[in-house]
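Shared between the two complexes below is chain A, which pairs with chain B and chain C, respectively.
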Partner chain A sequence: MSARSYSRWSAVGRETGRAALALLIAVIVALVIVLATSTDPLKAFSTLLTGPLSSNRTIGLWIDDVAKLTLTGLAFSLVFQARQFSMGVQGQVYMGGLFAALVAMSPVGGTMFAIPLAVLAAMLAGAAYGFLPGYAKARFGASEIVSSLMLNYIAILVVNFIVRAYLAPAGSGQLMTKDFPDTAIFPAIIPGTRFDLGIVIALLATVLVWFLLYRTAWGLKLRLVGHNPGFAEYAGIRSSVIMVSAMTAAGAIGGLLGAVFVQGRAFGNIAVDFDGNLAFEGILIAIVARSRPLAVPFVALCYGYLRQGAQLMGLRTDVPSEMIGVIQAIIILLVASSFSLPGRKTLQRWFKPRSRLPAGASAGEAR
Partner chain B sequence: MIELLMTMFSATFFVTVIRTTTPLLFATLGGLISDLSGALNVALEGMMLIAALTAVIVSVYAPWYIAVLAAVLASGMLGGLMAFFHLKLKADIILVGFAVNILATGGTVFALAIATGGDKGTSINLQSKAIPAVTLPWLDAIPGIGPVLRSLLSGHSILSWLGALTVFLVWYFLYRTPWGLWLRGVGEYPAAPEAAGIPVGKVRAWSLVASGALVGLGGAQLAMFNYVGFTRDMTAGRGFIALGAVLLGARHPVGAMLAALLFGFFEALSIVMPNLFNWIPSELIQTIPFVVTILALVLFSYRAQRARQMRTLSKL
Partner chain C sequence: MAPLLQAQSIGKTYPGGTVANDGVNLTIMPGEVHAVVGENGAGKSTLMKILFGMEQPDTGQLLVDGKTVSFANPREAIDAGIGMVFQHFSLVPSFSVYENVVLGSEPRHGMKFDRAKAIAAVRELSERFRLHVDPLPAVGDLPVGQQQRVEILKALYRDARILILDEPTAVLAPQEVAELFVAVRSLVEQGRTVIFIAHKLPEVLEISDRITVMRAGKTVGEVMASEVTEQSLATMMVGREVTLRVDRATREGALVCEIKALNIVGENGTTLADDLNIKVHAGEILGLVGVEGNGQAELLQAIAGLRPIAHGVAYLDAQSLGPMSVRERRAIGLASIPEDRIAQGLASGASVAENLVATKLGDRRFVRRGLLDLKAIKAHAEQLIAQFSIRVGNSRAAVGTLSGGNMQKVVVARELAEQPRLLLVNQPTRGVDLGATQFIWKSITQARDGGAAVLLSSADLSELLALSDRLVVFYRGRIVAAFISAEDLSPETLGTYMLGLDRQDDRTMRAALR
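On to the complex of A and B.
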């Protein structure tokens, strides 16, 4: 396809337009909900839209979220590119967090090796946990959706148990550990804020995933398996190996996110239920970014802003922050569907004789 | 161990199993219908959660059967929403399903906080109603086995009886009516029914709505019988377990019922075990249904794979 390079930027523009329109519609729905439920809708809505910029502290919270959302978005992008619906990022986050915490609380935690070793341990734990549903699918044909979701629940329960029973200070009844030694906590890049190593790790991971997907043979195979499994098989690609390795690599990113969670300046310890359902929001990030790694940080930046705004709205006004779930669902539905900017329809009417086929083809191409 | 066995063979445990199975059964049947029509419904969890909240809130103001109906309606509408986005706007069904799940996790907490005036955890300060249990005192009159029969059959929710009936109805619908044939045809090989003039999109859309409606019954049972009231994330993975049960049940209503019973049994076990073994941490007991689901899924998939291999080998 020689038109590829020519059409790339217009495709980027079109996708950005679609995402922005979806965001706009979601924000309008949010406005309606706020109007219907709040006693002071103006304050609630302005907090939602401007809250994250209100102080250095909130900007720090926002950037911290962006780092985490980028990582979970990358993990989902990797599996989505291979057309696998492995939903196990949450479980990997818990496993990664647990192992990072174990390293940070061991004697190693006091040395200068604490951060690299803890991150490595977290990535290995996450990779192992991502490997399981992949192997179950490749070897036994077990649906990765169900097995990865079950593994999420198991990981949350087991990690919560270990934290509560073994890692928390004995007899205190607390549901979190003591703070890790300073050497095991990510250093702040701008002192006094949450702007820490996490965002650097997230950006490095973005470049790495992009490189793996678009500049290595493995990535080419992975994308082929995702686009057209039948063709990939004919081309001699062992799709089961690619599938398992994609899930394992995504698992490593999930585990890395676990380390970023517990070792970041926001926590610096491991607590029960620490992820606050953030891991699942990677689905939205990956879908809006069309599973393109380089787009993930930008989507995370925009969505993270909205997410932080919703949190602040929940804290400062009478509108519960969980409203973000509604916004999220609307964005996913609109972006994942072939809903398009008005005007495209009229174009389609001009090409009426061929309108049936392109509609189906573009839905398949969108992955 | 003896105590556990004693409990497992008691009539009250049987009643517990039926109680825990009922929501799973409805969700599994719902998942089965949409799966047979060729659309894997991963939104069972979210639909059930929204149905549960709808049932609780409506039951504050209306009789229990209206609340159940409202749950069915709400969940059926979600099925319609999924059908619209999947069939009309060509979105991937799995992504649409997860959008519904996300809508449910956030939306139910939001709606709960609005309905209770700020409580994001439970609906404890709402006076919600329960689905009445069916008591069968006249069974005592049967000589000999009467009391045993009564202890086994009495005290189930109306919806549990309806669930057993639904298994039969779904079977009858799928295998004895033309629409059932259409539905299965659409799922099996859409081009053939399309050529025969069967509206493929319509069949899929209605099967998603029916799927939602059935799941809604499950949600109502959960929030109006198993527990009276709504708690945040109260479905706790049941919808996903039901999804496993759909795959496990060999895509047949009776298989779905057996799979739901299996998972219901282990859920009941995780309910009674804390009383018997207080030295086992509760978190680990709670993992039982999930571990069993994975193991059952892997075993079943492995056997199905073997069976497929044998078939292709015998053809050679």
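On to the complex of A and C.
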């Protein structure tokens, strides 16, 4: 029993070490860029590293990002475990956001049912939008990558249009709606910050996804389909049903993220282009977390910290905003590549130079 | 003569704590065929990976030409003149033969890939070493035996002095094995050295000069091939006496499976099987004989529900299988051991326990209201692991970490956990060691004695002859001969029918088909 849990924890330890090393390299590269572009590199760099903890407000910003990154990471983890490469989280976020906003702005929005009903509407909308590419694949063999990406554009453009033309105050020329009633906005956990109900929802969703994947027959079937669709068919599992349902369930989480966006204290309304492309960063989170739901919040916590630090560095120091983008991209690149094959081998060699060096040294001597 | 390649007291422990090699010694002389034999899990593959630089040993050292070397990766091993042909080929199916051979070290003409030179080089190599293969067609269109030659050419093109062949015969038909051996001999004649990993002992004795035997991560001996017999070698490998004989069926029961005028059409519209009429009774094994690709596998797939039936019917206990889903077929007592355990029989990334329960997700013992009963699943797995003596640390280990024989035991354990009515078996012991073969054969005969009707297909004629009570021979999707008893049949007799040189008259055939 103890040996079993030991090997399990050592595997977790290895993965964590690998991710941490990648982050460390990313920070070093960021330091080099800061040194090259800033007149006060020390300040810039300390902002990158400590900025997110500098005030309650920035902690709120960070935790708000963590909640959102967790949800998008979960949505991607779910489809990745079924080995479906649906990229549709962004579209689901827009659909979910729209329907949450519609509920929040309806008469229901002023009642105590506003939050649960808006969240539910968002999840249903996201699920429906996730179902589409799944059904198209099962029925017509359409590549889910292409169809989900195209559906993203449709969702973004349609939602933007509806927000601008119908939901924003008429004649104001504004690109966002009025604020929702307070009853429809997530309550803050630390008053005056963005640390709100969103993180609670994200953690509940984490447990839910874990439970679905590892404790239900549906989850086992989903993982078996992901491991080997040919085997699943041979074992009598209807892989097309599993495939479509996995994409639908992931869609519900994407929709939920939409609600967290518009109902969170960061917005409290729906605006044009509200997601800031955060939805896609879930791919990175899912890759680093190896699509393991319980690892997703931890990865989101670390990655969200660097992401927020970089943004604060852009706001508070003279590092050019373009370089912030570069640093973020390098973080993504390094973290993701440490989990692809060539990077992994290199890292392994760095980790155990002992076993290699003496052997290499003795090669020439021919004892 | 000084040894060409030496491995001295190699030790390798994997992160999970598995001791794969423990004080292994191997000495290869120049110009010999040296076989390394041992059961699956004996550590042969690990040793070869160390020789080829894919793994680094924890202890011990490698010497080439008497000089200590260490390979950080296969590139360095290739540079030292070592070439390896894996059991699972690493070829690009859409590339032509010559492109595959030169890939990574292409001859150049200025900046351009010199195709003419590459083709000429491949022709020259294949003639010199009697590895006949046309350089031009795409590799994916070639039969397995020819693909293997491409792999060998690849190593020779990189000037391998030492060629490691990892279970090269596992994927070959008997004739192809003979051709491979011709090539191996011509390699040795021209000064190359061959390391041959295997566990089919007659082949080992035929081709090799010296044999190193491994057991449980250790080398247990090095012998001259001329000085040992199959039996003594088997005893060395397994560590105890082994017999590969099974008892025949004692009784024959009621009709279980009837196949009437069955016709199977492939996705591209070609007829794969036509007008099949077969009856299988409880308690008998019906062997499906034929060169691979003559319809036996397709018949088994159609009965299992993985391929549609175009015309005709297949009955199991008088119920027509055609309209049923795979799950419904399994529910009325169908079990199936598929041809390729990795591609179809298992989810290698999932745990042993999950694989063992994968076909029983409608069973109330394991799933209630959609929730998994993890305790029951674990208990089920542990019981089967013990019953089928599957060598695995615990039921949570991923199936992909097991050796081939143990993987196959997981498949067999899952399919035979409950007594089936109809058991479909295809290539049950391909790439499986002696000990596991013995065990799997016994499991199949036990299912038969428990009242299962068994349909068995195998590329290994000796396996078919050893297990089958009746035999039918397939040629181009049709049955061309049938035999009531396998006892006194010779492989040659079967061979004439398998190659379509002869066809039984209808009366004899009908009598044997019953």
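One rule holds for everything that comes next: the second predicted complex is superposed on the first by the 313 of 367 C-alpha atoms of A that agree within 3 Å, B and C clash if a C-alpha of one lies under 4 Å from a C-alpha of the other, contacts with A are read in each partner's own complex, and residues count from 1 in each chain.
Everything that follows uses one rule, which is that a residue touches a chain if its C-beta (ideal position, glycine included) is under 8 Å from a C-beta of that chain, and two chains touch if they have at least 3 such contacts.
None of the values given here were measured: they were computed from a predicted structure.
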{"item": "Superposed model, chain A: greater residue contact from chain B or chain C", "value": "B"}
{"item": "First (chain B), second (chain C), both or neither touched by A:G325", "value": "first"}
{"item": "Which superposed partner A:S86 touches (first chain B, second chain C, both, neither)", "value": "neither"}
{"item": "Chain B versus chain C as contact partner of A:I145, first or second or both or neither", "value": "first"}
{"item": "Which of chain B and chain C A:L333 touches, first, second, both or neither", "value": "first"}
{"item": "Partner chain(s) touched by A:F280 [first = chain B, second = chain C, both, neither]", "value": "first"}
{"item": "Partner chain in contact with A:K221 - chain B first, chain C second, else both or neither", "value": "second"}
{"item": "Partner chain in contact with A:L157 - chain B first, chain C second, else both or neither", "value": "first"}
{"item": "Chain B and chain C contact sites that coincide on chain A, given as residue numbers", "value": "359-360, 363, 367"}
{"item": "For the chain B and chain A complex, residues of the former touching the latter", "value": "40, 42, 85, 89-92, 94-96, 98-100, 102-107, 109-110, 113-114, 118, 120, 236-237, 240-241, 243-244, 247, 281, 283-284, 286-287, 290-291, 293-294, 297-298, 301-302, 304-305"}
{"item": "Residue ranges of chain A in contact with chain C within the complex", "value": "3-4, 7-8, 10, 14, 215-221, 223-224, 227-228, 230-238, 349, 355-356, 359-360, 362-363, 365-367"}
{"item": "Of all residues in chain C, those that touch chain A in their complex", "value": "15-17, 56, 58, 61, 66-70, 72, 304-306, 325-327, 329-330, 336, 338, 343-350, 354, 357-359, 361, 367, 370-372, 374, 394, 396"}
{"item": "Complex contact set, residues of chain A against chain B", "value": "37, 85, 87, 136, 139-143, 145-147, 149-151, 153-154, 157-158, 160-161, 164-165, 277, 280, 283-284, 287, 318, 320, 322-326, 328-329, 332-333, 336-339, 359-360, 363, 367"}
